[in-house]
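Chain nomenclature is as follows: A, B, C, D and E, assigned in order of appearance, with residue numbering initiated at 1 for each chain independently.
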Amino acid sequence: MQVNEYRPLIVAFCCNWCSYAGADLAGNNRLNYPADVKIIRVPCSCRVNPMFILRAFQRGADGVIICGCHPGDCHYTSGNYYTRRRMALLFSMLDYLGIERERTRLEWVSAAEGAKFAATMNDFAETVAALGENKRLEDLRCKK
Amino acid sequence: MQRIGVFVCWCGTNIAGTVDVAAVSEALKSEPGVVFSTNYQYMCSQAGQDIIKDAVKEHNLTGIVVCSCSPRMHEATFRKTAAAAGLNPYMVEIANIREQCSWVHKDMLTGTEKAIILGKAAVAKVNLNTPLTPGESPVTKRALVIGGGIAGIQTALDIADAGFPVDIVEKNPTIGGKMAQLDKTFPTLDCAACILTPKMVDVAQHENIRIFSYSEVEEIGGFVGNFDVKIKKKARFVKEDICTGCGACVEKCPMKKIPNEFNLGMDNRRAVYIPFAQAVPKVATIDPSACNMLKSGKCGICSKVCTAGAIDYKQKDELIEEKYGAIVVATGFNPISMDKFDEFAYNQSRDVITSLEFERLTNAAGPTQGKLLRPSDLEHPHTIVFVQCVGSRCDACAEKGKEYCSKICCMYTAKHAMLVRDKYPDTEVYVFYIDVRTPGKNFDEFYRRAVEEYGVRYIKGMVGKITPEGDKLKVQASDLLADKQLHIDADLVVLAAAIEPDKTARPLATMLTASMDTNDFFTEAHPKLRPVESPTAGVFLSGTCQGPKDIPETVSQASAAAAKVIGLLVKDKLTGNPCIASPNELMCNGCSSCERVCPYGAITYIDKEFPQPDRTVAVRRVAQVNPAVCQGCGACTVACMSGAMDLRGFMSSQIIAEVDAICK
Amino acid sequence: MHKDNEKMKSEIIRRSGVNPSKCMRCGKCSGTCPAYDEMEYHPHQFVYMVESGDIEPLLSSESLYKCLSCFACVDRCPRGVEPAKLVEAVRLSVIRQQGANHLTANDIPEMLDPDLPQQAIVSAFRKYTK
Amino acid sequence: MQKITRDQIVSKAVSLLQDGTVSAVLGWRQGEFCYDVTPSVFNTAEDIEANFVWNDFCGANFSKYLVSKTKNIDGKLLVFLKPCDTYSFNQLLTEHRFNRESVYVVGIPCEGMVDISKVKAVSGEGIVCAESKGAGLSVTTIYDENPKEIPYAEVLSERCLNCKSKKHVAYDELLGDEGEVIDSARFDEVEKLESMTSEERFAFWQGELSRCIRCNACRDVCPACTCEKCVFDNPNSGAESKAPTNSFEEQMFHVIRAFHVAGRCTDCGECSRVCPQNIPLHLLNRKFIKDINSFYGDYQAGAEVGMRAPLVDYDLGDLEACDVFERRDSE
Amino acid sequence: MKVSYFPGCTLKNKAVILDTYARKCAEVLGVTLEEIENWQCCGGVFTTSKDEVATKLSSVRALKYAQDRNQPLVSVCSACHNVIKQTNHAIQTDAEFSDKVNRYIAPESPYTGDTQVYHYLELLRDVVGFDKVKEKVVNPLGGRKIAPYYGCLLLRPNTVMQMDDPENPQIFEDLIRALGGEPVAYSMRNECCGGYVTMENPEFAKSKSKAVTDNATAFGAECIVTACPLCKYNLDKNGNSVPVVYFTELLAEALGVKEDETNA
C-alpha cells in the first residue's frame, strides 16, 4: 500500500437477508469497489445499535454505512422501519453536533442489487475520502 | 481463553488469485486466542474438512475461523464439520474473503490486507462466541380453524386427511360461509351448492374433525405448538346431539317474521330455524332475541312438537378449553354497507340490491325460488343495470369506500349478466365498468363470452345518480367512449359492493398478536415467500381474511395453509433458531420497549423476585423471550436502553469486537 | 408536454388545489353532472385535459359557464379529485383577463324577472365576472 | 412568586397523612443553604409542619424518586407534582417503573423556578438569604447585608422561561387552578444552532461538552434514566466509561444518553438544572424532540399513559434517513 | 342564548319571510338572533380557488364579529351558510390564505377560524334539539306530506359542510317529523335546481327544477320545503305547480307564530 495516499476506513453494516446477499452478488459479478469498505454482517439492520456506529467513529472509522432490505421487504417484516427512524434521528443529531453529515449513510440494498451495492460503496468511499480523516469524532487514545 | 483455529481457503485461484493466502494465515497466527492457522486449496472439500476436524482434535480447538467464501454459501457446511469434530456448531465464524474481497478487488496487496482485517474481525468475534443449543418445545398435534367457510373447510379437510385432529369454530349456526349463499360459480358456472355441500358433509363425517358451530373464540394464550384457546359455544337452546334436523319445530313456530339472514333479509324465517336445507350441522337453533318462550316464557310450542326432546330452553353458553399446535384464521369477508352510497338509492328502493343479494335472488333455494323477480313487486325485470366498483378503489382520503380493488366483482358481474341473458333473453343488461379486470385461468374468455355470445352491454363509465320514480329506477350515467350522458329506465340495479374483512377479524388479531393492515386484512409473514403464514409463529392464513380472493384462489391458499400446518404438526418437537434474543434479568427494567418493537409477540413480562443484598426480596417486572417464537432480528436489542436484551450469536460485545478489529 | 402547457397546468393545479393525476377515469363525475348535456367538454374531460396540459381548448369553451357549481362531482368522485374546482380554476384564468367578463351589468336588465332573488344575480356575477 | 402557598401544601399533606389516605409524603426539605432544597420523605405531621419547604427553589422533579421510594412502602406515598413533573410521571407509568396505586398525586401549579447560578451572577457568591418579594427575589449576601432585589425575569431558569405546559396531565387532586399547554419558544435555541455551519456547531459543542466532568448528575437526575444498570456502568456494553479522559469521550456519552431518552424525554429540563458545568444539555434533548415532531408528527412524551414512543413505532411512509437534511433545510 | 346572525341580501328583499319567521321562531325557542352590524353580502357562491381572497373578506369579517362576541354564527339562507362555512374552513386549513386574509383585514388579533358556524337547521338540531322544537309545537302539521329539498349548498362539499350524510340526509326529515308532518322520501332532494344559470339559460334551469318537482310529487308530496331563495325561485317558476315554501314558514306555522290569516 502506498504510504502517502490517504484511504478512508469505512465500516458497512449489512443485513444478512438483503444487503449482505447484495454484497455477495456484487462479488459474484466481480463489480469492483474500494477495499476501504469492511462489511459486518448483522441479522437485520435493526440490530445496529447507534452505539456501534459511534464506537466505529471513535476507533477511527471515517464513514459508517448501514444497509438493509428495502422498506416492505424486511425479512422480519418491520425491522428496517425501526432502523429508518433510529438512523434518521441519529444522523440528524450527529450533524447537529457538527459531524460532517456525509460520513453516515443508510441505504436500502436488496439481494438482487449487486450493482447498486457496488455503486453505493464506490460513491460513499469517494465522498468520505473527499472529506478526509474523521477528526471530530475520533478518540485520540485509539490512534496508534 | 478460546483456542482458535484459522483455516484460510484458496478456493483454487478464486481467492488465491488476489489474496496472498499464506500471508493471511501467517498474519492471523498472532491474533489473540489463535493457536493454529493454516491454508488449503479447497476448505469445503472432504479433504479440507478433514484438515479442520484433525486440527480440532490435535490442538484442542474451541473455536474455528474459516476465511473463505460467503457464509451464505458454506456456513452450514463448516458448522456440520465442527459438530462432527465434537465442537458446538455455533463456535464457527466465517470471514468472507471471496465475494467481499478477492472478487471485488484487483490488487493483491490491498486484497491481502483486507482479507487479514476481515480474518481479524472473525477471530475477535469467535473469541466471544459461546456454544448455543437450539431450544425445543413440544407440539400439540391438533389444529384450530377459525371460520367455517370454504377456506376453513378446505384447510380443515386437508389437515384432517393427513391424520391430525382439527376443530372448526364457526360463529354461525352452520358452516358453509359465503359460498353457501352463492348460486353459480365462475368461470365454469357449476352450482356452488353442488361443489360445496359435499365438502360440508365430508367435514361433518370426518373422524378427525369437530365442528363448533354457533361458537366464538374467547381467549388465546400460548405460542406456536402450544396454544391454549377458550371457545364459547353459544346456547342454541337445542341439544345438538339429539336434534335430528327434521324441521317440525320450525314449521310450527309462531314467530314468522324474523328477517332471514341467509337470504340477506329478503324473506323471513322463524324464531327457531335451520339456516338452509344442507346446513351442517343440520340442527335447529332458537334465536333468543325473537323467541317468545325465551323472552317471556309464553309459548313452548317447539318443545311440544319435538319428538326427540331436543329443545332445551335452559341451555347455557358453554366454555370449551382446548390446546392446539397451530391456528388457522379463515374469517372471510362481507360486502360493505351501502349506506354511504345513497346516490345509488340503495336505501330508497328495494330494487337496488347488492350482488350478494342478487345471488340469492337467482338461487333456486332463495326467496324467489330462483325466478328472477324484483323485490318490490315480484315482477320480472326487463332492464337490469349492474354497477361495478361500488366502494372499491376509492381514494384513501375519500370519506367512503375502500382503497383496494375487491378483485372478485368483475367476474361475478360477468357471471350475473350472462346468467340473466341466458335465462331471460328478453332482458336488457347493462354493465357499467371502470376497467374489466380478468386475470385468471379462463377468466377473460368468460367475460368475452358474456359480451360476444350473450350480448351483455358493457359500458365504460360510471353511474352518477339513481332516482326511483314510479316503478322505474332512473339511472343517470356516463358513457365515456361515446362521450354521452346516458339515462336508462331500469327495473333492477345491482351494485357490486366492495368487500371487507369480517368484523370479528380485528379482535381476533389482537388475541393472536397477529398483525393487520389498515384495512383489517391479516398481514402475511412475507408477501411473496410466506403468503399463508402470519408473522406470528403458528398462526396461518386462509382465504379472504388475508386479502380479496375468488374461490379457486381461496381453495389454493386454504390447502397451502393446511400444508404449512401439517408441516408443523408432524414434528414432535420444535427446534428453534438458537440465535435469539435473551434478556439479562438483572438488568431488565421491564419498560416494555422491547415488547413494542417485537414483530412476533415473542416477548412477555413476569414479576420476578430478586434477593437483595440486605436479605429482602424485591419484585421486578422483567422481560421473557419465548424461544419458540423469537426469530432473532434484534430489533429489541436496540430498543432496550440498558442493554439487558442481547442477541445470541450477534451479541453487542461480539459486534463491537468486530468493529474494533476493523478499526484497529 | 410543451412548456407553456406545463406552466398553465401547474397554475391551474396550484389555484384549484386539485391533483388530477388521482383520477382513475371512472367517469362518475360525468355520470352525475346535471349540466352534462349543456357542456362541450364534460367534467371527466376537464380532469383529463388539465392532466395532459391540453387546457387551451377549455379556455375558449362555453362549458366554463355551464357548470352549476352543485359540487355533485366533488362529493361523488371516488378518488377525491374535485372536478368542479378545476372548472372554476380554468374559468378564472379566462375572466381575470382584461375585458373577458362573461357577464356585464348591461346584460342584467333583460334577464331580470321581478321574482328573481338577489342571490341569483350576485352568484352569477361572482361566477362570471372578475 | 408561587401562587400556591406553603401553608396550603402543608395542610393538604398533613390532612392526607392524618386521614390515612397516604402513609408518607415526598417533599422538599431545607439543605445547607437557603437556596439548597433537597427532596425528602416525611413520615409525620410534625416533621411536615416543621420542615417542609416550598419556595422558588423547589425545582426538583419528584417523578423519578417514585421508582425507588414506592418500593418498600405500605399504603400510598403522597407526591406533589408541578405540571412539567406530571409528564415524567406518565412516562414512567408507561414504562411500568412503579405502581400507580402506591402513589397519591397532588398537582400543584408552578410559576417557574429560580436558577441559582443566574442569581449568583447578579448578586455574587455568599448568599445567605433569597426570598420572594413582589415580582422578584430579595437576596442578601455575606458581603452585602443590604438586600438586593432581582426581578424574576432575570433569574428564572431557562426551562421555566420556555415552559411548555402549565397543565397537569396526571393527578388525583389539584391544588389551585389548572393551567394550559403553552406554545413556547423552546426550540428557538435549537434552530439557532441548526442555522450555523457544521464547523460552528462543532466548535460550539466542543466548547460545551469539553467542560463535562462526567459527574453523571444529568443521568442520575433524569426521570427517563431509570435503568437498573446503566450502559455506561456496564463493562459489556461497549460504552462503559467512568471518567472524561479524552475530549471526545463525553461527546459519545452525551449522544448516547440523548439517544437513549429520545422519544421518552419529556423536556423537564432537570439535566441542565443539575449540571455543575452549566452545559445546556436540554439542547440535545430538544433537538430530538424537534426532529421527532417534524419527521413523525407532534409527540409529547408523557402526555398520556400508554403512548407508543416514536422510536418503538413506525409508519410505512416515514421519512428516509437521506431526506432528513433536506426536510430540515427546507424548514 | 344569543347568536350572531347573518341574514344575507335576499332575506332583506325577496325572501323577507324566510328572515322574519326565522327570528320569530328563534325567540319562541329561546334563541336570540343578533344581526351582525354592517354585514356585507356573502357573494352568493364560494370561489374555490386558493388565490381568491377579496371575495371572501365579507365572510371573514362576519366570522370575526361573532368570535369577538364569543357567539356562534347562524345563517338561514343556504348560500350564505355555504359561503361562510367554506371560508371558515379555508382559514382553518389553508395557512397561506389565512395569512393573506388577516393582512387584508388587519384585525386586532388574527382570525383563526374558531367561530362555530351553524345553519339555522343545525341550530335547531344540535343546539335547541328537535325534541325541544317538538314540545313547542302548538299547531302540528297534521301529517301533511312534505318533501324536503336540500339542493346542493347545504350538503356539499361534504368534507366542509358536515351537516349530514350528503347522499341520505335526514335533518329536514327529522324537523318535518318534529312539526307533525310526514316527510316524503325522494331521490332528487339533493340534486341541483339549476341555480344561477337560470338567468342565462332559463330552459336548462327549467329541466332541472322540473325533474325535482316531478320526482317529489311522484312520491305524493303536497308541498316542498327549502332553505334557499334561489331554489325556491327556480322550483316555483320552473317546476310543476306543487307549492314551495321556506322551512321557516312551516316552523312558524307549527309554533303558532305565523301571521297568516288562514291559520288564524
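In this text, a contact is a pair of C-beta atoms (placed from the backbone, for glycine too) under 8 Å apart; a residue touches a chain by one contact, two chains touch by 3 or more.
As the structure is a computational prediction, the values presented were derived from the model and not from experiment.
Considering every other chain in turn, the ones in contact with both subunit A and subunit D prove to be B.
The fewest steps needed to get from subunit C to subunit E, moving only between touching chains, is 1. With B-C and B-E as the two chain pairs, more C-beta contacts join B-C.
Rounded to whole angstrom, the centroid-to-centroid distance between subunit B and subunit D, based on C-alpha atoms, equals 47 Å. Centres computed as Cα averages put subunit D at a distance of 53 Å from subunit E.
Computed from the mean C-alpha positions, the centre of subunit C lies at a distance of 58 Å from the centre of subunit D. Within subunit B, the positions touching two or more other chains are listed as 343, 465, 597, 639, 652, 656.
Among the residues of subunit C, those touching two or more other chains are numbered 72.
Residue positions of subunit E with contacts to 2 or more other chains are 158, 167, 191.
All chain pairs that touch, listed by label, are A-B, A-D, B-C, B-D, B-E, C-E.
In the complex of the two chains, the subunit A residues touching subunit B come out as 1, 9, 11, 16, 20-21, 23-28, 30-33, 35, 38-44, 46-52, 55-56, 59-61, 72, 75-79, 82, 86, 118, 142. In the complex of the two chains, the subunit A residues touching subunit D come out as 50-52, 54-55, 58, 71-72, 78, 81-82, 84-101, 105-106, 136-141. Interface residues of subunit E, counted against subunit B in their complex, comprise 158-159, 165, 167-168, 185-188, 191, 211, 214-215, 218. Contacts from subunit B toward subunit A in the complex involve residues 70-73, 96, 98-101, 103-107, 109-111, 113-114, 117-118, 121, 515, 523, 525-527, 535, 579, 597, 599, 631-635, 637-639, 647, 650, 652, 655-656, 658-660, 662-664. Here subunit B touches subunit C in the complex through residues 343, 389, 393-395, 397-398, 401, 432, 434, 460-465, 476-480, 483, 485, going by the rule given at the top.
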